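Chains here go by letter, A, B, C and D, matching the order in which they are written, and residues are numbered from 1 within each.
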């Protein structure tokens, strides 16, 4: 008997738990002929900001051990063009997949403005708030690492936006569970964990940073242990709080077992990011491997596995 | 002409900049016949605590992508046995290498007590204060992630201990430069960056965490971009403060070019950790590769390269 | 045509010059539709290497029924891994990607300038230009730093293509830089030729200094930037372009390029 | 003897049973000094695999002048990588590590129990016991879950060793568990035999339930735990031991073991 992969989350039904992560699948059209996102649980779009952005000087990407660094600088077409030119195509081609629009601002007001602008658009299933872009700062720490800012952004959006709100957090904090608590109290309907971790590579030949902006965000399998730990911690805290808020697991997922690590740690949904660059078919393969694994292990409903690692471990 | 690898640091002369990291070279005797630490810049001992410790339940180590997780739980022989049985052997066999003793406590008082106990011992060149063991907590965040605690520990030790004091910081904070600043203001003579990052692996077959304690510390090449970024950030902050305090780079160093990344980012010394498990000769090879690289590039004195990446990059 | 990602088995690998290898693999469907200038992303099969990201390589030759050849030089982790491949090794190939050189310029003459491992797209372009109904006269200038790096490309080029070799150490061809060979060639043209170029940034920048809209009918270059996706998604591979008002304008090497109008590229971008 | 780390070339690799391979490599200096129960850490040469940590493998055979053979079964990343090795592949080998089984027990009979891939140290031990001046009578019980996993170890064992095979699916040897074969054997002993064992934790725990200081002269087991260093440094590989007062006491698999007094191990530790 084939396992049920359908997941209920955010008051929506996802045909499977595998989404593609923001910034790693564009607007869905680039890979569509190769890997239609309509087969997936959903598409999370590249972060959209109020104004179009050119992004940072090159080089913007570089390989590291089992990972990569990026300093894209939120290059995107801007809210207006996104709504006019990109969103309609996505909605039309979504099929059974959910459309999650990821966005950011450079101030609390901008966050709320962009969120409100998106809230009125047809076809968006949920909004993901990018609180963790390592290239945007608020004083000396990152914008999204400051609990007060996170509270303000989420509470402000909650007041303006009826759509399900997913807070995507940065792992670059001492206590991610505390940050998650703040986001949930402020009204987030789900938490996406994790965004990239600040990193740097030095080009030894040139004796300077390999990236044009020096710092970049680390992603890929190297990051997976950090992501799994964050999901596990936050899931536990949410259980303690009695909050039924779901967690979305992100970071270094390239195979079915990788996704299962997150699901067992407490994620209801997962997102595949960097792996799509290595193999554009990766997200579809994760779905297939999850299905095969469940069948093999006699799991009737994948959702049964969410958080199961908390009962065996400690 | 062979390059000069000698480095002056902490008022001491190191015969080369390559040390072996705490917990990854034991007390020097285990690998001595294979890789005598006397050829290295120095040996940093396994963390010593006041009482002997058995450590955590197994499994304690597991591989991850380009890295590993450990939850050893500071297993060690305890201060008394260390001083009586381990230290004399180390001092006797050090040759030209510097002896750095790493220690920790489970309270501010214990830190100071152990530091004071070590301060009276013959043959110790410097003390490294382990502020970042991810398996020891202070409330909900890690002991060493709290600036007030770091200040108390370092200032307290400073009052008791004449030896050079190296503060080894955890990267699991929102702003490592701020933490570094606190440690320097409190009297640290150098900063070791970085300790491991909290991580987790789930054993998918068993549906529970792969480690007995669930969480572990991530080390190895996967971590290198995080370590290099921390060293770069802290070096820059120290320059801005006008503090001449040196930085010791740690995290994922396995080759000469890996070490150069840290040196170019601002490290005066480096430590090789996990790489010794993969190849016990690794630390010696890093020294040889640094020498060869300098000769190839016409560098007369390796120290010239410290922080050079700050002038090319930004 | 729509790019395809597939796992293929290496059919052949051979050393062509110092640090330089030719790698062949099957590409059943698309081979005949690949244009000069296009590239593919090559990634290792899982667990066979510690290379993580795929790397871009220009197509070098497209043989008969669907064999592709690329030519590469060892620099770092990925190309060293590739040099160790053997017939039968599995690799991932994603392609064809990117745009192509303009094939039918209104020019009676074409000068192709290849610097180092910039050779592959220039060699393929020479063949395609020569196969046009009304082919231009074709000169291919090809230079290397060291003579022992020169690949014997001549035997594979159409007979009409004039090959001019140079090396900085003088060990093969004329001693000197490609720009040294280029100057007399362009000076000797009756009408403005089409100029195509692929090579290291500083070389292309130097060449850009020798051409103008007066002496050249067309100036196209193939650019390079670090890539992750190869498909316009990661937004990683920007090439700065000149703008009338001097502001920064980026285009993407993988989808807007790799071939750009050389007059529009901001030199040196590397 | 002092362990050595060196890069060696695989001399041979062959499949011995389902998922089970024998890997041979040269070990010029130390081969003859290796004791039964000792192990080596095997790591990939840089850039040839995505395996990171080395993995422990018991020595299986030490041939004539310095060839080592290990026997391994594929489970995860490292053993799958090893299964793809070919003669000439470079691997890192660090050994010999760990302690050895006690070779001269005051027992006239020795019963060796191997479960699954626990076979290698038992096979080597059988040979060493047989080569003693006054060898005991030797029985080797060897069981697998599935018959198609049984390695043909018999042809390589000294003629005097009695081999008893079993498999849970009954496809080879007697149908059942090693404990099923062990019971009658120990019951039939005139004097307490030396019992040696290597296999999965639950199997060893079950065996531990059948032996006592009355019916057994010696009970030694080879344990397993995740390792990083293999040399007592990382403090990773602890095996919990029983203590009189019931408190936890850890010993290190890599340096205190892998061979322990089976009466002292806290079962099941896995």
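Basically, a residue touches a chain if its C-beta (ideal position, glycine included) is under 8 Å from a C-beta of that chain, and two chains touch if they have at least 3 such contacts.
Predicted, not measured: the structure shown is a model, and the values here were computed from it.
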| said: Keeping to the contact definition above, tell me which chains border both chain A and chain C. | reply: none
| note | Here the gap between chain B and chain C, centre to centre from mean Cα coordinates and rounded to Å, is 46
| query | What whole-number Å value describes the gap between the mean CA coordinates of chain B and chain D? | reply | 36
| query | Which integer distance in Å separates the CA centroid of chain A from that of chain B? | reply | 33
| If you look at chain B, which of its residues touch at least two other chains? | 64-67, 220-221
| said: Where in chain C do residues touch at least two different other chains? | reply: 50-51, 77
| task | Considering only which chains touch which, label the overall pattern as line, ring, star, complete or other. | result | ring
| message | According to the definition already given, which pairs of chains are in contact? | response | A-B, A-C, B-D, C-D
| field | Of chain A, residues touching chain B in the complex | value | 64-67, 69, 140-142, 145-146, 172-175, 177-178, 197-202, 204, 206-209, 213-216, 218, 220-226, 228-229, 232, 252, 257, 260-261, 264-265, 305, 308-309, 311-314
| Quick one: in the complex, what on chain C touches chain D? | 46-51, 77, 80-81, 84
| Which bits of chain D are touching chain B when the two form their complex? | 2-5, 43, 50-54, 77-78, 92, 94, 225-240, 248-250, 269
| Where on chain B does chain D make contact in their complex? | 23-26, 30-31, 33-34, 46, 54-55, 57-68, 70, 72, 75, 220-221, 274, 276-281
